[in-house]
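Below: a set of structures, written as structure tokens.
Each of the two complexes below includes chain A, the first together with chain B, the second together with chain C.
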Partner chain A sequence: MTRPGLWRLILKNLGRRPFRSAALALGVAVVAGLQISAALLDRTSEQGLERGLQRMGADLVAVPSGLDRDLLDSYLTGQVSLFYMDRSVRDRIAGYNFVKKTSAQVYLQSLARASCCSASNIFLVGFEPDSDFTVQAWLARHPGKPIGPDQVLAGAGLGVEPGATLKFYGHDFQVAGVLDPTGMGIDLTVFIPMPTAYLMARESGALAEQTLELKPEKISAVMIKLKPESEGGLPGYRAAYELEKAIPEVSIIQPDDLSARARNNLSGTLKTLRSASYAVWPLAALMIGLLFSMSVSERQREIGILRALGATRWFVFILIIGEALLLTGLGAATGIVTSVSILAGYSKLIAASLQVPFLWPSVQELIGLSSLAMLMALLTGAGAALIPASQSSRKDPYQAIRGGES
Partner chain B sequence: MLVALGALAVAAPRQIFPVCGMGRYAPAPGSPGGHHACQGTLQAETALGGMLMLIGLAPALWPRRKTGLAASLAAMVIAGLVIISPLHLTGLCRMSTMPCRAGTLPALVTLGIIIATTGVAGIFLARKAK
Partner chain C sequence: MIRLEQVSKHYGPAQNRIPAIDEVSLQIAKAEFVMVTGPSGSGKTTLLNLIAGMTRPDRGSIVIAGRDLLAMPDSERSRLRSRSIGFIFQFQAMLPTLSAIDNVRLPLLFAGRPDDPQLAVSILAKVGLADRQNAFASELSAGQQRRVCIARAIIIKPALLICDEPTGDLDHETANLIMALIGKAHHEGATVVMATHNLELCPGADRTLRLKTGRISG
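Our next item is the complex of A and B:
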């Protein structure tokens, strides 16, 4: 008879009680799945926010008083918010010595199911080509590609390619470029040069199914870039306070407001996922420990014979720990793969229902997070099986065989 | 099992994860309806679900090993079509956040995988029953 290999013994022992092994692996799968889901949701929303705030490019955004929440929701979900204020507000903001640059935007919405519009209820943002921060950032990365009057920049979520034609209110636009994805609602935005937006409104009476009411003296928001503090500027919160105090008809949005709103939307879900995993984790560890204690007591005779045949204590110890590691490893792998697949497949639905940004992390980061969840599962498995493994390895072969007979 | 999965393939794009303009995404009464590119997918999935239900009934009507084997093989073909249809044959709306892309597509892919797994299990069981 040849001495059985360690792995063969481990597989055989686990296969002997398939239901018990599967139940244990399933428990670990749930724990690892919850852990990785919480970590990924946290990371994807954080990454989306980072990218979205970069896209915004502004230190502050001024909107008509009390409508700051509406714009935050638009940024996060892509739901259109329409509000207007007088253009003179921009000049008043630009007059403050702590303000470096300003750029106005005007918000519009494409018509629903109208032949004069390529897509229904799209958020159209009229921007000032010479000063807009979003467009300037795009132009910096695409030198020699200026945006013409009848050209637009499209968000990544719209599914259009550069060069495609989009029609809004009967006016044809060519897509000059597609902005990088942020995982936020602003991925569903089309950026139109502001002079063309006003022209489109004037022509809409003749070209569109419904006239677009937009007066040239109206704007929706003012994007504000502040001077650095070293050049006499103010910190963002201070500048926001000063502006709101001096111009009561505006509310000022700071990038932190967007982060806070997304965090608020996500906190309930993260709390639930984390609490569930923290509640299940010790239970899983306890279950593994108990089941391995039972399994070791059942196999006392077998372990005794193994020892009598020449197996070392270390061999028996590794045998038990190996079983625990394999079982928890398989369970964790199942949980991680399932959770990542569900999150990847349903990312848009999750983002829309939780109203949070969702930008998938890099492969390296994903591997890092998965490895961490796997490591925690393996440590739990090994830790829980430590006592039964050490007890069984310390038993005298004769005692173990006799113990197994009783 | 196949009958239940067939019923799911019919119900998923209508009620559970409805395509654009269906179920909870149906336009309000009086508002314009309009055509969505994903309507073809709805029809295709209804047909595939119906076929899967019939296939699932076959082994109950003719309880032979070969019928079970054939039903499982056919289920695997249907599983492939359930996944391929929205992606390449019938199509979906363009925007990634439209209900058909955000909800229906992943649901159909998941369903396709479950049907294929059931098919593989059916083949395994039919071969074991030899």
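Our next item is the complex of A and C:
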């Protein structure tokens, strides 16, 4: 038989008005859910961007003029962008003394629902194994055999394992490695050695259901590594300006552009979530305050009886604050678990529809963000119940029994 | 045991203060049984609440067992009530969310005493409710609820038992039973101060105080 103590009184008091308690907890759940959703969306996109920018590995990327946004969207969403420019552009860029390295890439797309391709509409990126410093950098961090001519690197989102065979335009490739996830569209990309990409195009007439039109003198983008300023290099923005001025047929992308693009895509949603959260938060606090005032007012005589039996003012204060904490805690836990579950279940859909990277933070960080949302809910609950708790506990027992007469 | 000197207590707004207790001085000895009578509104309930430290007077002093009630901080007055004072209200005062036995056990918590369900059961048996220990207020009659409240008041063996019209709305038989319980507490050494309209119920009282418009008239 459990002793009738503080927690039992708290539970019993909350249980006597189940609908009111549930409505209040639901209000807090909505607020906490909005809060954690905004924080997680912000963090998952930031995490994805960090990883994506790391993977980009280039200080600048040159693409045909005016198509910079297309490439940024490809990076973020995995949507295929096909554009080409003359290979000579790469040589012109390499000629500038502030440029340290350049490497070309060519962009292709696998055929849809064709027996000659393992997967439909996959973004295929041909890269130059000899000069590449983006994929090579990944290989350097994950030492292994250098990538062979018929080997590819697959994005983490494709769900293939190293050693698996992929077929594009009738050409078989072995997966040499799977890239770390970034939560970005490039997770859905397959990286093919560029000479093999041109070979694949040449052979496609015979092996594939549709011929791949790709001329060896065409490339899609030039990855640029700048010299450090101490070695006569230029800062990124300055180098981009110089290159765009000198080579009008290119647009230059800086890593910050990718960040800005993702932030721009996300800002509307974050603003909506945060605004809703900020708007609902004071309303929830007001609702908690009003409902607790009502509840305490209804129970004034009982509180007086408790005081007559010897309960201290502190006991009464903690009783009311405890009710608020338990209710807001349960509401916040519900909101947090629901929001995290929805985000986890629909992460791909959310990332695609918002066009942002989506990479889960570590478990510790997730616990930290959830704890923060919980703490804010608890503080709101306790803060809102502070006035009724304080007013009620300050009354003399007889005054409370008489219903607050003075 | 109890000494009140020039105690006054008023209600209402400052410009229209109504005296509930007006310049009352009295002494009640240890183990004395004192009845307080008077018409409705004469200040009986206020007087009992002042003695129990449940409200503060506007003027005067109240001394219980040699200690000045008004000089005590609220926490100490709460401790005094929890350990030494049992209060029987004139209204149904069972806590509705707790069963009869939990109502009876609750004062032990505030008195800082170990929980003792067996003691609570035996006290409930004394008031004739051993078989209703798990019932809630909504499942008990007015008389049964009143008996639960008496059990709750006496479980701490209070030195001072204050009863405010404990039989007001009860039938004659139940009223007699309740008076017998209060009488038993008195015989066991408790000082009893009881407000009532019905003088016939309590032939064993040592003294009767008559209140009229907040003053002792006899």
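By our rule, the second predicted complex is superposed on the first by the 399 of 406 C-alpha atoms of A that agree within 3 Å, B and C clash if a C-alpha of one lies under 4 Å from a C-alpha of the other, contacts with A are read in each partner's own complex, and residues count from 1 in each chain.
Just so it is clear, a contact is a pair of C-beta atoms (placed from the backbone, for glycine too) under 8 Å apart; a residue touches a chain by one contact, two chains touch by 3 or more.
Just so we're clear, the structure is a prediction, and the values are computed from it rather than from any experiment.
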Residue contacts with chain A in the superposition, chain B compared against chain C: C
First (chain B), second (chain C), both or neither touched by A:12: second
Chain B versus chain C as contact partner of A:112, first or second or both or neither: first
Touching partner for A:345 - first (chain B), second (chain C), both, neither: first
Contacts of A:188 with chain B and chain C, given as first, second, both or neither: first
Residue ranges of chain A in contact with chain B within the complex: 78, 112-113, 119-120, 157-160, 187-188, 345-346, 348-349, 352
Residue ranges of chain C in contact with chain A within the complex: 11, 46, 49, 52, 54-56, 74-75, 78-79, 81-83, 87, 89, 91, 93, 95-98, 101-103, 105-107, 109-111, 115, 117, 152
Chain B to chain A touching residues, read off their complex: 31-34, 94-97, 101-103, 106, 109-110
Complex interface listing, chain A residues touching chain C: 1, 3-5, 8-9, 12-13, 15-16, 301-302, 305-315, 396-399, 401, 405-406
